[in-house]
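Following this line, the structures themselves.
Same chain, two partners: chain A is paired with chain B first, then with chain C.
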Partner chain A sequence: MRNYILRRLAVMLVSLVGVSIIIFVSIRLVPGDVVSLMMGQQGDMAAGQAEQIRKLFGLDRPMYIQYFDWAGEVLHGDFGVSLRSGRPILPDILLRAPITLELAVLSALIALVFSIPLGVFAAVKRDSLLALLAQVGSLGGLSIPAFWLGTMIILVSSHYLNFYGGGTYISPRADLVGNLRMFALPSLTVGFSLSGALVRYTRSAMLEILGEDYIRTARAKGLWELRVVLRHALPNAMIPIITVLGLQLGFLLGGVVVIESVFALPGMGRLVVDAINQRDYPMVQGVILLLTSLVMMTSLVVDLLYVYVDPRVRYE
Partner chain B sequence: MSDSKINKKHPQLNLTRRQFLNLSATSLGALTFGNLLASCGPATEVTTEVPGTAVPLPTATPTGPKSGGILMAAAETNPTGFDPQKVLSLASQSVCEQVYDTMFELDPNLNVVPRLCKSYETPDDKTYIFHLEEGVLFSDGTELTSEDVVFTINRMLDPTVASARAAWFSTVDTIEAVDKVTVKMTTKIPYAPMINNLANAFNGIVSKKFCEANNNNLDQVTMGSGPFILAEYIPDQTIRLERNPKYWRKGKPYMDGTNWKVIPDDQGRVAALRAKEVDVAWFLDAKVAELFQNDPEYVVYEVPVLTHASTWINCSVEPLTDVRVRQALSYAIDRQAFLDTVAFGKGVLTGPIPAPEKEWALPVTDYPQYKQDKEKAMSLLKEAGAEGATIKLKVSPQYVLDTGNAQVLQSQLKDVGLNLELVTVEWGNLLDAWYASDFEMLNLLMLGQPDPDGYTWGRFYSTSAGNFAKINDPDLDKLLDAQRSTLDRAERKKVLADVQRKIVELTPMLYYYCYYVWGIFRPYVKGVTPMANSSGVYLMNEWLDK
Partner chain C sequence: MIAEKPLHNNAQPPWQVWRVFRRLLRKPSGVAALALVGVLLAVAIFAPLLAPFDPLELVSNQRLAPPGGVYLLGTDDLGRDLLSRVIFGSRISLKVGLISVAISMLIGGPLGLLAGYVGGWFDEIAMRLMDILYSFPAIILAMLITAMLGPSLTNTMIAIGIVGAPGFSRIIRGPVLSEKEREYIQAARALGASPLYILLGHILPNILAPILVASTISFSLALLSEAALSYLGLGVQPPEPSWGTMLLTGKRFFEVAPWTAIFPGLAIVIAVLGSNLLGDALRDILDPRLKK
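Right after this comes the complex of A and B.
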C-alpha cells in the first residue's frame, strides 16, 4: 500500500509539471494581455506607456525565462503577486480555498445523505410511488441547471424568508451557525444537482447486485431483508457510487464558479474566472495548479477508499 | 481515476455533466454584465436635456442630517488595488475617492468646484498658482502641504510608477512648493484640461512621507485626507470604510462608515436588497429597476451616465477611407431606434461629447447627419462607388448593449444596400484589435473622461496614441489644438462646438446614446447625489434617517 501511494504521488508531481507548462503557455496564447484588459475602454495611455507597464510586469521577457522564473519561485512556496491587484497570490488563494472546499464537501454530503437511501429504496421497492418520485426527482437534478435553481431559491428565500446570506464569508470557527446558514442554500442547490446522478447510479448498482446469486442465498438462509440490503448488497454497490462521487467532487472543485457567482460566495471558482478574464497570468497559474493538485489528491483518496469498501481490492 | 486492480464495472461518465458545464458557461456569459459599475456612489437627480428623464431633487427633510450609522451596500466587482495614481477600475475609484482628496471636485452637474485647492490664478496661459486649504490633515495626523501636491504630480509622471494617466500631466513643465499652502505649476503649452484632470477622482493627493515609507507602493496600503479610511478589505467579500475623524470638512462625513459586500450577480444584489441585508445596490438593467419602482420600501434613482454606446470606424481601410461612405453610415441610421430597441428607451442620444456633460455637449439636433435620410445615404454611397459593399464589424458579447447595437446597425445598413458582417470576438481579443486598429468597424461602450479633451483630442488628433480610428484631418487637428489651448471656458465652449460638428461631419465614429443606470436605495438613506460620471464623491453628504 505504501509503495502504491508513493508511486501515485510521484506520478502526481510529474503531472503537475506538465499541467504547469500547459497552463503557462495556453493563458499567454489567449489574445489580449493584462495591460489591454487594465486599460479596457480608456484608450488614453501615452504612447509607449503600455510597453513600459509590460516591462515592469516582466512580460517582455522570453516565455521560457518567464516560466523558469515562476516555476523556481513556486518551488520555494512563492506564487508571486497578482498583476491586477498587486496582492500576493498564495494568501489570496488560501483565503478562498476553504470556501470552495466547504461548498464541495457539504454538497457532496447532502447528495449522499439523500441519494443513497433514495437510490436503495428505488431499487428495493421498484414499483412504489416513492421510487417513482425518486426517479423523477433524480431526472430533475440532472436536467435543471443549477444556476437557474439557485436563482429561484434565492428569489424565494429573499422575498418570503428575508434571507440571502451571500457576499461575506463567515468562518465556522467564528460562528458555526452563521457559516452553515451561509452555505445552506448553495449546498442544497449543488447537492440537488449531484443527487440526480447519484440516485440513478445507486439504484442501477443496487438492481444489479440484488439479482446476484449470493443475495438469493442470503434470502434463502432467512436473513431479514433489511440486513440483506444493507449488509450484503449495499457495500458491493458502493464501488461505482464512490467512483461517481469522486469524479463529481473533482468537477465541483473547479466547476462551482456559476454557483459561487449566483450566491456571491468568494471561492476559487470566481477567483480563477476573474483572473482569466483579466489575464492575470500568475493568479491563473497558481489557482489551476492548486486545483489540479486537489483533484489529484481527491482521486487518490477515492482509490484508497476502495480498499475499505471492498476487501477484495488490494494495491501493491 | 486510476488503473487499479478492480474487477468491477464502472459506470460511464455521463454526458449530462458536460451538458451542464456548457449550460453553465453559456449562462454565465449571459448573466455577466461586465464590470462597468460597482459604486454605491451617491446618485443625484441629474437633470438632462431629454424631458421626462429627470429625477426630482431630494428635498430637505425636517429631521436631518443625522450623524451615525453604517451604510450597507452591494458592489458588483472588486477593487484592483488602491494606488490612486495607478488604478483604473471603477471599483478602485469608488474607494480612492473616499480615502483621498483631489485638488478640485465636480459638482452634481459636472462643473469644477474647489476642494483641496480653494482658489487658483493663472498669471499667464502656462502658469497656475494653486492656493490650498489650510489645516488639512492626513488620517495619521500629519499635515497635507504643498510638498505632497508636488510629490503627487511628479509621481504621476514617474516611469517606475507607470501611471496609466501620465498622459494627462505630460504637459507639466515645472512644479514647485512656493510655501506650505501654495503650489506653482507651469506647463509646456497652454493646456485647458489641467483643472478638470486635477478634479478626477483618481488623482488623489498622497502623502510624500507615507509613500516613501512604503517603497512608493500604495497598491495595498492607503492613507489619505479624505472623509473615510479604508478599514478592511477582503477580496470578493468586504470593503469597509470608517469615518476619518481628522477630516478637514467639519461635521462630515455624517455616517460612521460604509460596508460594501461584493455580489457580482444581479439577482444576488436584488436578493440582498429584498432581504434587507444591504441598503443600496446599482444596476444596469431597466427590468431590475422596474421591480422596485412602485415599492414604497425602496427609492429608485435613474441616472444617465457618461458611458456611451458607439461604433469605431477605421478611416484607413477601404471603403471607409472615403468620408462620403462614413457620412452615408451616419445618414442611414435612426439612432432613436437603437435606444428604443436595445436600451428600452432608457438613455439619451449623444454626440462626440456625452450628453450629460451639459457644459460642453451640443444637442444632437445640431447635427444634420443625425436626421435619418436613407436616400441621401444611398446617393453618397453611389458617388463613392461603395454600393453593396461588405464591411466587417467586430463586437464582443462582453456587453449586451454592444451586441444589440451591432444587430440593429446591421439591419439598418441593409436598408441602404450595405452588408455588415458581424464578427464576434472575445473581450480581450476585441481590445487588442481596437488598440492595434485591426478592424474595419468595431462596437465599444466608451467610458467617461475627466475633460472634453479626452473625447476629442485624445481620440481624433492625428498623432494621438488614442487615435484608433486613424483619422488624419488637418482642419480637425487645428480645431483640436485650439480647444486644448483655450483656457477661457466660454471661448473654449465655442471652439468645442466647432470640434463636435467637425467630428460628426468626418464620422470617425458613430455615436448612439448614453444609457441609464439605476440606484435602488432604502428610503432612510438621505442626501443621495447621483453623478453622471459614476463618482461617489458625495458619499460624505449622505446620512441615515433611522
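Right after this comes the complex of A and C.
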C-alpha cells in the first residue's frame, strides 16, 4: 500500500511537470503580452519603456530559462508576483481557494446525498414514477448547461421567491448561516449537473448487482428487502460509483469555475478568467497548476477509497 | 481457416446504417433522439428560409422587445430578432459539434489505435501524454487554449477538439487491445497482411460501435463547452449568433428581459438532449453489453 502511494505520487509529480510545461508555454503563446496590453491602456508609453518593463518582469529572457526560474521558485512555495497588481500571487490564491473549495465540496455533497438514494431507488423500483423521474432528471443534469441553469435559478429566486444569496462573500467563521445561504443556489446548480452522471451510474451499477446470484440467495434466506439492498447490494455497487465520482472531479472543478462567474462569487474561477484576459502569466500558471494538482490529489484519494469500500482491493 | 466472429457479435455491423436506423425507430428514446437531432439538422440547413429576419439586423427602436407579435421570441439589446438568432445559432453549434469531434477523432483516434496495437513504450508514452491532458479540468484546458490562440469560432473548435482527444484515444485503445489478440487478426497476420491493413481493414471496422457512441457523447460535450467558453467571453465572438454568446448578452439583461437568456439556453438544452439520447440509444443497439 505504501509503495503504491509512493508510486502514484511519483507519477503525479511527472504529470505535474508536464502540466506545468503546457501551462507555461501556452500562456506565453497568447497573442499580446501583458506589457503590450498595458501599452494599449496607456498610449503614451514609449517603446523603450515597454522593453524596460519586459526586462523588469524577466520576459526578455529565453522561455526555458523563465520556466526553470519559475519552477524552482514554485518548489520553494513562491508562485511569483502578479504582473497586474504587483502583489505576491499565493496569498491572493489562498484568499479565494476556500470559496472554490467550499462550492466544490458542497456541490459534491448535494450530488451524493440526492443521487445515490435516487439511483438505488430507480434500480429497485424500476417501473415506479419516481424511477422515471430520476431517469429524466439525470438526463436533464447531463443536458442542461450548469451556467444557464444557474442563470434561470437566479431569475426565479430573485424575481419570484425573493431569495438570492449572491453579493459579497461571507466567511463561514463570520456568519455560517449567511455563508450557507450564499452558497445554497450555486452549489445546488453544480450539484444538479453532477447528479446527472451519478444517478445514472448508481442505477446501472445497482441493476447489475441486484441480478447477481448472491442477492437471490440473500432474498431466498428471507432477508428483509431493505437489508438486501443496503447491506448486500449497495456496498458492491459503490465501486463503480466511486470510479465515476473520481472521473467527475475535473468536471466538478470546471463547473465550479464557470458557476462562479454566474453567481459573482470571487473564487479561483473568476481569478483565472480575469488573469487570462489580462495576460497575467504568473497568476494563470499558479491558479491552473493548483487546480490541476487538486484534481490529481483528489483522484488519488478516490483510488485509495477503493480499499476501504472493497476489502478485496489490494494495492501492491 | 475460419475466422472468429468479431467482438461485437451481437451488434449489427455499424455500416448497415439503415438497419440501425430501423432499430432506433423501434425504441421510444430512439424516436425522441432522431426527432430532436432531425429538428436541429433541419433548422441548421434551412436557417435562411426559416428565420423571419436577418440575425444581424439592428432595429434601434425595437431593443429588448418582449416575445410576441412580429418578434416571436422577442429581441435582444440591439434590437435583433431573437428567433432568427437562435435559428442561425444552430448552424454554429452544429459546426462546432461536428468539427470539434472530428478534431478529437483525428488526434485521439490514430494515437489510440497505434498505442493499442503497437503497445510497449509507444503505448506508455502516448497514454502518459494523454493522461497529462486528461488531468486538466476540461473547461480550464479549453480556456487556456482559446486564450492562447485568441477567442474565435475556429479556435474554439480547435480547443474543444484538443480537449476531447484523450477521451477518444482511451475509448479506442481498449477495444484495440482485446481485438488484436483475436484469432481472425492472428490469421490475417499469418497471411502476411501489413499492420496498417490490419488496423484499418480489420480492427477499425470492428470497433466502430464504441467510436460512434463516443462521438455522440463528445458532440454534446462540445456544444456545452462552446456555450460555456462563449459565455465566459473566451469563445465565439459577437456579432456571430452563437447560443453561448447570446447567453452572455442575456446574462446582462435578464433582469429586465429574461427572454434574452431563456431561449438560447433552451436551444442548447434541446440540442444536447437530442445528442445524449441518440448516444444512449445507439449504445443500446450497437453494444448490448453496455446496456444500462
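Throughout what follows, the second predicted complex is superposed on the first by the 303 of 316 C-alpha atoms of A that agree within 3 Å, B and C clash if a C-alpha of one lies under 4 Å from a C-alpha of the other, contacts with A are read in each partner's own complex, and residues count from 1 in each chain.
By our rule, a residue touches a chain if its C-beta (ideal position, glycine included) is under 8 Å from a C-beta of that chain, and two chains touch if they have at least 3 such contacts.
This structure is a prediction, so every number in the text was calculated from the model and none was measured.
Undergrad: Applying the touch criterion given at the start, work out whether A:204 contacts chain B, chain C, both or neither, answering first, second, both or neither.
TA: Both: A:204 reaches chain B and chain C.
Undergrad: Classify the contacts of A:142 with the two partner chains as first (chain B alone), second (chain C alone), both, or neither.
TA: In the superposition, A:142 touches chain B and chain C alike.
Undergrad: After lining up the shared chain so the two structures overlap, which partner does A:49 touch, if you call chain B first and chain C second: first, second, both or neither?
TA: A:49 sits against chain B, while chain C stays out of touch.
Undergrad: Can you tell me whether chain B or chain C touches more residues on chain A?
TA: Of chain B and chain C, the partner in contact with more residues of chain A is B.
Undergrad: Quick one: classify A:92 as touching chain B (first), chain C (second), both or neither.
TA: Touch partner of A:92: chain B, not chain C.
Undergrad: In the superposed arrangement, does A:79 touch chain B (first), chain C (second), both or neither?
TA: So A:79 meets neither chain B nor chain C here.
Undergrad: Give one of first, second, both or neither to describe whether A:291 is in contact with chain B, with chain C, with both, or with none.
TA: Only chain C; A:291 stays clear of chain B.
Undergrad: For A:155, using the defined touch cut-off, is the partner it touches chain B, chain C, both, or neither? Pick first, second, both or neither.
TA: both
Undergrad: What is the contact status of A:277 with respect to chain B (first) and chain C (second): first, second, both, or neither?
TA: Both partners, chain B and chain C.
Undergrad: Of the two partner chains, chain B (first) and chain C (second), which one does A:253 touch, if any: first, second, both, or neither?
TA: Second partner only, chain C.
Undergrad: So which positions on chain A get touched by both chain B and chain C?
TA: 30-31, 142-143, 145, 147-148, 151, 154-155, 158-159, 204, 251, 255, 257-258, 261-262, 273, 277, 299.
Undergrad: So in the complex, the part of chain C that touches chain A is made up of which residues?
TA: Going through chain C, the ones touching chain A are 128-129, 131-140, 143-145, 147-148, 150, 220, 224, 227-228, 231-234, 247, 250-251, 254-255, 258, 261-262, 265, 268-269, 272-273, 276-277, 292.
Undergrad: Enumerate the contact residues on chain B facing chain A in the complex.
TA: 1-2, 4-11, 13-14, 16-17, 20-21, 23-24, 27-28, 31, 74, 78-81, 83, 88, 159-160, 162, 164-168, 170, 217, 219-220, 234-238, 261-265, 267-268, 270-272, 274-277, 425-432, 434-435, 444-447, 449, 454, 458-459, 465-466, 468
Undergrad: Provide the residue numbers of chain A that touch chain B in the complex, in ascending order.
TA: Those residues of chain A that touch chain B are 8, 30-33, 36-47, 49-50, 52-53, 56, 84-87, 92, 95-96, 142-143, 145-148, 151, 154-155, 157-159, 161-169, 193, 197, 201, 204-205, 239-240, 243-244, 246-248, 251, 255, 257-258, 261-264, 266, 270-271, 273-274, 277-279, 299-300, 302-303, 306, 310, 312-315.
Undergrad: Across the complex, what residues on chain A touch chain C?
TA: Interface residues on the chain A side: 14-15, 18-19, 22-23, 26-27, 29-31, 139, 142-145, 147-148, 151-152, 154-155, 158-159, 200, 203-204, 207, 250-251, 253-255, 257-258, 261-262, 272-273, 276-277, 284, 288, 291-292, 295-296, 299.
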